[in-house]
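Have a look at the structure below before the remarks.
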Amino acid sequence: MSAPIDLPKWADTVLVPAVSVVAAFLVAGLVVVGIGENPLTATRLLIQGSLGSGEGLGFTLFYMTDFIFVGLAVAVAYHAGLFNIGGEGQATLAGLGVALALNNLTFLPGFLLIPLGILGAAAFGAAWAAIPGYLQARRGSHIVITTIMFNWLASVLIVYLLVNVLRAPQNMNPETPAFPPQASIPFMHEVFAAFGIEIPSSQLNLTLFLALAASYGVWLLIYRSRLGYAIRVVGSSTTAAVYAGISPARIIVIAMVLSGALAGGLAVNELMGYQHRLLLEFTAGYGFVGIAVALMGRAHPVGIILSSLLFGILYQGGAELAFEQPAITRDMVVVIGGIIILFAGALEGLFRRLVARAMPRPALARA
Amino acid sequence: QDAFKPAIVYDLGGKFDKSFNEGVHMGAEKYKKDTGTDYRDFEPQNDAQREQALRRFAREGFSPIVAVGFSQESALKKVADEFPKIKFAIIDAVVEKPNVESIVFKEHEGSFLVGLLAAKASKTGKVGFVGGMDIPLIRKFACGYVQGVKYANKNAEVFQNMTGTTGAAWADPVKGGELAKSQIDRGADVIYHAAGGTGIGVLRAAADAGKLGIGVDSNQNGLHPGKVLTSMVKRVDVATYNVFDQVKKGTFKAGINVLGLKEDGVAWALDDNNKSLITADMKAAADKAAADIKSGAIKVHDYMSDSKCPM
Amino acid sequence: MHPADFLTLLDSGLRLSVPLLAACLAGLWSEKSGVVDIGLEGKMLVAAFAAAAAAYASGSAWAGLAAGIGASVVFALIHGFAAISQRGNQIVSGVAINMLAAGLTAIVGNAWYGQGGRTPPLEGNQRFGDVLFGHSTLVFVALLAVPVTWFVLARTRFGLRLRAVGENPAAVDTAGISVTGLRYTAVVIAGVLCGIGGTYLSVGQSAGFLPNMTAGKGFIALAALIFAKWRAWPALGACFLFGLLDALSIRLQGIALPGIGEVPVQAIQALPYLMTVILLAGVIGTAIPPRASGVPYVKER
Amino acid sequence: MTSAIQLNAINKRFGAVHANKDVSLDVERGTIHGIVGENGAGKSTLMSILYGFYEADSGEIRVGGHPVSIRSPADAIRAGIGMVHQHFMLVEPLSVVENVMLGAEGGALLRKGEAKVRAELARLARDYGLQIDVDATVGELSVGLQQRVEILKALYRGADILILDEPTAVLTPAEADALFELLRALKAQGKTVILITHKLREIMAATDRVSVMRRGEMVATLETATTSPPELAELMVGRRVLLRVEKEERKPGPPLLEVSDLSVVDARGVLRVARASFTIHAGEIVGIAGVSGNGQSELLEALAGMRRPVLGTIRFEGREIPPGEHNPHRMRQLGLLHVPEDRLRMGLVPAFPAFESAVLGFSDEPQLGRGPILDHGRMVADLARKMEQYDVRPPAPRLKTSKFSGGNQQKIVLAREIERKPKVLLVGQPTRGVDIGAIEFIHRRLVALRDAGVGILLVSVELDEIMNLSDRILTMCGGQITGERRASETSEQDLGLLMAGVTEEAA
């Protein structure tokens, strides 16, 4: 229930999220003070570590790529009125899809293998999301609960497969053998080097462009396409959808399929772009960060790119911070993410009211 | 790169696991005390962080960089290639690169000795083993242990459990405790663990039940004085110290460095905490077996040589 | 398997089901009142940390329990404020609680003790020792919570009102009873129970806090709650069943069963989740949550 | 005479809506007092204020002659007021006993109070014939019995004054008769009853006095014995300006939509449309008059393909619609378009910009874009043109739909459907909440459409609208078509009676 407060569009899409992010950082600052560290130093290290060097920037953009995918995944479902908190599991399965495609088709050349790997990721992520979608659409099982359950099922499944089926014979770690080298998505520094431009090396790879393309695709889909129109109608008003002859059940399944496929992008970036093998826990909780990203980005691709950048800065800067100030671990980032979800998501009404109260009357009247 | 700036990347258990990682930590601390050379270290929170940490140290010119644990094998393979001038060491795995020293231990030899002691200390003729992650390395511990037990008492029964199949199995004391309890309920009165942080729960459960535990990696006799029969000490501290020292002195040699009883790489621990538990007879038997192993009179089978345990 | 094993299996199942039970009953209270709680995991985690830290500092397990409950209740009130007073999205709030708990405990733990987020090991009186049949006080507290929950819900005025408010808050409102008051009370009770569950984890079952030591127990508890169809005694049954499965999976590791061969532990670990999904899909019976759960109560004045 | 309830100058606004304007009411003790009025007249609002569910902006409430402050239902219950809401306030999974006890448990433990409830329910069963299985789960009871639980709840709390808001809307005739029996018994015991209903037959049969509300105001209070249904109908409808649309008599064309024996049940399995049969020809407006909730909504939705009928056939241009084609999409393709009753929940998407709402139901039309992509520029231009034609204010296609006033939203819906050249147009409540200027405009459009040969089915609770626009009028009551009149040969009173289910002989 959003309180019947009308804010001008710019306030709604920029000011309210900005205020909640600032508030989240203030609270996080209190946590830093609470553990006896200086929040200003921490902020400086964070910014320097993430944006202060070409290399830091590369890592920031690498993480941003991850977050764009999971943010888009949450957003697409959100537009259909669904709360997909199964990004973690869908990305995990997508990783399986990547591994199966790449390690079984090693004879293919890279220009075929890479698209097939991406396809494998999308297909497996989509399938893992389609089941909760179907259960919601046809059997009324609440998608939040089923996606939570599917997250755990995914992690159990992947452990089983990596330990018993996919593990390289000599390897003690539960991970697959390395993917064939031609299946690696080129690193950005390699690509630039090919053109004679030297940039600092980092994990950043060409998947970034895939993420940006996906953002454009999602924008086109949601805001410009007939399907996206139907998705938004279902998300906004089921009765209107029925009136319009749009089947909510069909749209729910489609939206979840798209959502799961997008979550698969995380596997593409992490595995095909960087790790070059499937290993446990490569999703590292990013699926949940996707919720924060989508909420803060107002489920709009541009907003998602911006909030992904913010979280990229947080993750990379946070890693540097953890290196420099061992008292502050990378978990700080998780805390900030949690506060942002709380503020921008659950307490949205409160912040809208605060913003409305602080705004001059005439601006509101024009809304 | 001649700069000497040592660094350590621990395994998931963290540097205070009272076990393997802590051993590395203690070796580094000792080196710091002896020479005044400081070092940097990092405790990854998940699997994906190792590579970044290794690369990060390498880029900043740290050398040597000690990667603790077999799970860093694939990460180190990559990073070692990228930084050929940096010297690396990995403990418990083999990475064949010109700039990596691989340090592995003959855990089966040490495990044999504590198995022998366990059989001698057991009143019920039943002893237990709790492993961490179910991997060949840990089966190597188990296999050596079983051989030691049977060597001392042919009819002894050995219960074996592994905690899990992922890295989480190294840090699950609750599960470790449950496994130990179940072995105790079946009659085991001495339990050896090779389970990292999980083993803390094993030793505690044994102590709580009035039975004996056997520590691993570091000397864990002091965790529950009088309740830990002994510890199978793996001198990772010495190994770490030596890596630092070799690089400092320019004697670093890439390649595989296997440390067994002969090299003092493994041992069983005897100190004030367990001296009342080890009878003179037990000590004599263990010392004799150790001498026999060194001389080759006793051949302890290495599980990893053929993925089989003859027992 | 040895016959004696069976008893120890039950014993171990009981121990492992205690945190599930506490969290499951917490969820039951909250959802009965109409407030969905997927933050059980997070509340248990902060409780586990606070309890271990307080027990370590004070030397008393009971102080740990108080701190565990206190921390969990604070998180419950955050959830209540978002869900009840601000009519925010209860699921979003729950996700936030889980993330906050996971991050905060690790950070604070690392800052205080510098051991990778762990608390120092607890000894002696810092832990709840065994009081009866080899089980600690908290086991019995959790078990006692079942009949108490059942009794209060079924037999008392407060329970009746709570059951009603989760189904139809307007009916409660028109009967002249405060919807907000009832829901806050329920959310706080959920906090207390999660506090007990978390404390048991770190100060009873093990001896100290480990980052993320709840390891999904809050979600299994949620599954158990659905499986029990939001009822107290069946919740005990479901939690015990899931605890038993856990105990079984611990023991089945690498053991070949006659006729079946080696059962992958993962298959057993997956069972609670799988059963919940199947139940929700309506294949075996149906699980109907309290009708108003997840829906903020809005009344125009 | 003693007053049970006195309301003095009650005012209540919901934002722009003035739901109660200076309403005063005096209810005598020991009587059954009826309140009638059109949809939205403010009856429920007034009673919710009396019951403390809403707080009045101003005004005074007296109970038994003493001014009381009723700020919550608890206050009302203390003052001896009980209410049976239009939508039951029952907790379905709980038992009858538990529902009756809720809020009046008589102690922290239920046991003692429960015994008292059982005894009291037994007494009430004896005294008033209110038999019920006290251990039954309320959700499993029939609607009539659920209502009985509501009444028992009020009586158990010692209510002397019982308010019933449209109690018979959901009841079968037999159940309704039993209810009135009960009300009379209550009256005989000295209780006071306030009865809100749309059915004049019930007013005449059950009440002592009756008050009429119109547009938030109390327009009259009469002795039932001295009034008549025709008089009440006129008071309800009011002397409002009748908008006479210039409309020539026209000969209807061939039949377009033939409905026979159509029966529809709602989600709860209650029969909402019972064997309705009628035909709509090209170039005629057929009006359906009826109090809302008598099956008109379900009828419209069934015809539009949104609901599957349980019985009956629909023929369009002579061809029977097979079940496989009976969906909104296909019906639109055939040329049967639909202006839904509830524009905010169905006809539009409030959160969308207007130009997107303006293609709801038609987003698959090829000319709206290229391939899978919609052409926003074209959609905006398209709506801008329509906005000009339909005088939508402000003429801003990109403005959020919810920002338009009701009348302008309605024009957007009408423009969308009418401009797609329907063969048959289903229209539900086209002028609900719409101001007089817009009403006239909408009426003209509909008549023009008819003149162009479109068959129109018009459902409205506004009698004058039906009379004004229709060529033929069907009346609906309780899901049945209760009568058919030529618009030129009937009167409001006549229709009012048919709508209320009163036959000519009874009037």
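We just call them A, B, C and D in the order they show up, numbering each chain from 1.
As a convention for this text, a contact is a pair of C-beta atoms (placed from the backbone, for glycine too) under 8 Å apart; a residue touches a chain by one contact, two chains touch by 3 or more.
Owing to the predicted nature of the structure, the values given are computational and were not obtained by experimental measurement.
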Steps needed, at minimum, to go from subunit A to subunit B via contacts: 1
Subunit D and subunit C - chains in contact with each: A
Suppose chain centres are the mean of their C-alpha atoms. Which chain sits farthest from subunit A? D
Taking each chain's mean CA coordinate, subunit B and subunit D are separated, in whole Å, by 78
Take the average of all CA coordinates in subunit B, do the same for subunit C, and state the distance between these two points in whole angstrom. 36
Dist(centroid_CA(subunit A), centroid_CA(subunit D)) in Å evaluates to 46
Between subunit A and subunit C, what distance separates the C-alpha centroids? Give it in angstrom. 28
Multi-chain contact residues (two or more partners), subunit A: 159, 329, 331
Subunit C residues counted as touching two or more neighbouring chains: 106, 211, 266
For subunit D, residue numbers touching 2 or more other chains are none
So which chains end up touching which? A-B, A-C, A-D, B-C, C-D
Report the residues of subunit A in contact with subunit B in the complex, numbered from low to high. 55, 159, 163, 171-175, 178, 203, 270, 275, 277, 279-282, 284, 319, 323, 329-331
Quick one: which bits of subunit B touch subunit C in the complex? Just the residue numbers, please. 14-16, 43, 45, 134, 160-165, 168, 171, 173-175, 177-179, 181-182, 185-186, 197, 200-201, 204, 208
Where on subunit B is subunit A touching in the complex? 42, 45-49, 51-52, 56, 59, 70-71, 73-74, 93, 133-137, 165-167
Can you tell me which positions in subunit D touch subunit A when the two form their complex? 304-306, 327-330, 332, 338, 340, 342, 345-352, 356, 359-361, 363-364, 368-369, 372-374, 376, 403
Residues on subunit A engaged by subunit C in the complex (per definition of touch): 1, 3, 31, 34-37, 83, 85, 135, 139-142, 144-146, 148-150, 152-153, 156-157, 159-160, 164, 285, 288, 291-292, 295, 326-329, 331-339, 341-342, 345-350
